[in-house]
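Chain nomenclature is as follows: A, B, C and D, assigned in order of appearance, with residue numbering initiated at 1 for each chain independently.
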Amino acid sequence: MSQSDPQKHEGHNPFGELLGLHFTSIEDGHSRCSLEIREGHFNPYGVVHGGVIYSLADTGMGGALYSRLKGDERCSTVEIKIVYFRPVTSGTLTCDSEVIRRGRRLAFTESEIRRGDRLIAKATGTFSIFKADGGLG
Amino acid sequence: MSQSDPQKHEGHNPFGELLGLHFTSIEDGHSRCSLEIREGHFNPYGVVHGGVIYSLADTGMGGALYSRLKGDERCSTVEIKIVYFRPVTSGTLTCDSEVIRRGRRLAFTESEIRRGDRLIAKATGTFSIFKADGGLG
Amino acid sequence: MSQSDPQKHEGHNPFGELLGLHFTSIEDGHSRCSLEIREGHFNPYGVVHGGVIYSLADTGMGGALYSRLKGDERCSTVEIKIVYFRPVTSGTLTCDSEVIRRGRRLAFTESEIRRGDRLIAKATGTFSIFKADGGLG
Amino acid sequence: MSQSDPQKHEGHNPFGELLGLHFTSIEDGHSRCSLEIREGHFNPYGVVHGGVIYSLADTGMGGALYSRLKGDERCSTVEIKIVYFRPVTSGTLTCDSEVIRRGRRLAFTESEIRRGDRLIAKATGTFSIFKADGGLG
């Protein structure tokens, strides 16, 4: 069930590459991904854009769930809510994601985004699971 | 109260530039922004990454609210929930955002993201409003 | 597809009866339900408890979706986010709900709760659709 | 900062009494409340109504935050998202809530609702904090 090669999951992610996001682990319903903050991540107020932090969560949740899918299963994001606690302007962001419930057709995930040991944001998400040859909900 | 020069708001948005996002209107509690889908927006499954669509919503909400702020006010995203209806693989995404309630310290916003006339995603958000020289909640 | 007898849907809802909630229409992906505020609805601060307003939304969404189900289909709430705009202390609350997208296995709904013409709260929800003899996600 | 008498907080909650909800602890940013499922809690499908479970979360979050307020501070729910994992038809529901961040004007909370050791639902919320003599956001 687990996925031993996070690079394989990461290797096909053009948007992840645009952001500089990379996975350090994808295993057994958990994932960790991170990115180093750079100029292109800033919003008009000079802090990291909420979309960058969200993208860590969405990508990390997908990675965590990927490790719980069978070979012929695919998943897609149904909805995510993200809450921001603190602005961040430099350093490395790390996102820990977890599958908290995996049903037959739906899975529920959570992410925590940190800079060092400071919690920057949290997110909760719902994903749809379907067969590679089937359709979405 | 309205903002006649959307380029000015857009001009300082490095992450918007990274995505290719641009505003076409910011006025009276509403905004419209869009981006043309390109290779760098894709996720591992070959569809536009949820983070790209989310970034349109977050940025568009901020633009819509910006048009309702006074000169010494600033805003930041508290939380956003986004729901995805359909995958999208090409074309131009347009995001219409609106301030549905603007209180003294909190504002509530909504976004609809479309490709042509097809609804791709919807988002609802809460923003904090504060004085430029004051702090966050 | 539509449901001409809202009383039938309402008749089996013990919690709705506890709250004093009743439907005035359930048709074609829309519903309207309402309740008259009474002493038992208040929270410790003397305003209507958020759970009362939420229950209107959850019930109303279920009613709206019910009108779009086939005879052998059932639905259950996956998640709902509700946002509160104003406290309310008396009068009648009316909740208008709508199915904004009905897929094969998932449906997306929205509710607006008003007192008179004042918007009190808005909610967005995801529902799971399944066969009466099948299981949940 | 903590609140040693949960009954005091509970004593003025008419909606809590209507539901049969009671607190067993409110202390230091945490709370536990519960209710015994009874006939009046059911929805049309014969399972506990989502509004009952939500009300545990909303009430429990308010209790947890109450223990972190100063004497002249009040709070109100800004928004809550709740996710349901399993239907429930009998027994006692217990809700553990926690303040995960308490800012000056905003607080963020989480709740887990269980029946025995089975997780039934989770919720995340945002609350506004204001002075008793001041206004809402």
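As a convention for this text, a contact is a pair of C-beta atoms (placed from the backbone, for glycine too) under 8 Å apart; a residue touches a chain by one contact, two chains touch by 3 or more.
Keep in mind the model is a prediction, meaning the values are calculated, not measured.
Under the contact definition, chain B and chain C share the contacting chains A, D. Counted by residue number, the contact pairs of B-C are over half the same as those of A-D, the matching pair from A-D, B-D or A-C. The mean-CA centres of chain B and chain D are about 32 angstrom from one another, to the nearest whole unit. A separation of 20 Å divides the Cα centre of chain A from that of chain B. Among all residues of chain D, those that touch two or more other chains are 78-79, 81, 83, 126, 136.
Taken in their complex, chain D has these residues touching chain C: 9, 12-19, 39-45, 49-52, 54-55, 58-59, 62, 74, 76-84, 86-87, 136. Here chain C touches chain A in the complex through residues 78-79, 81, 103-106, 126, 128-129, 135-137, going by the rule given at the top.
Against chain C, the residues of chain B that register as touching in their complex are 81, 83, 85, 100-101, 108, 119, 122, 124, 126.
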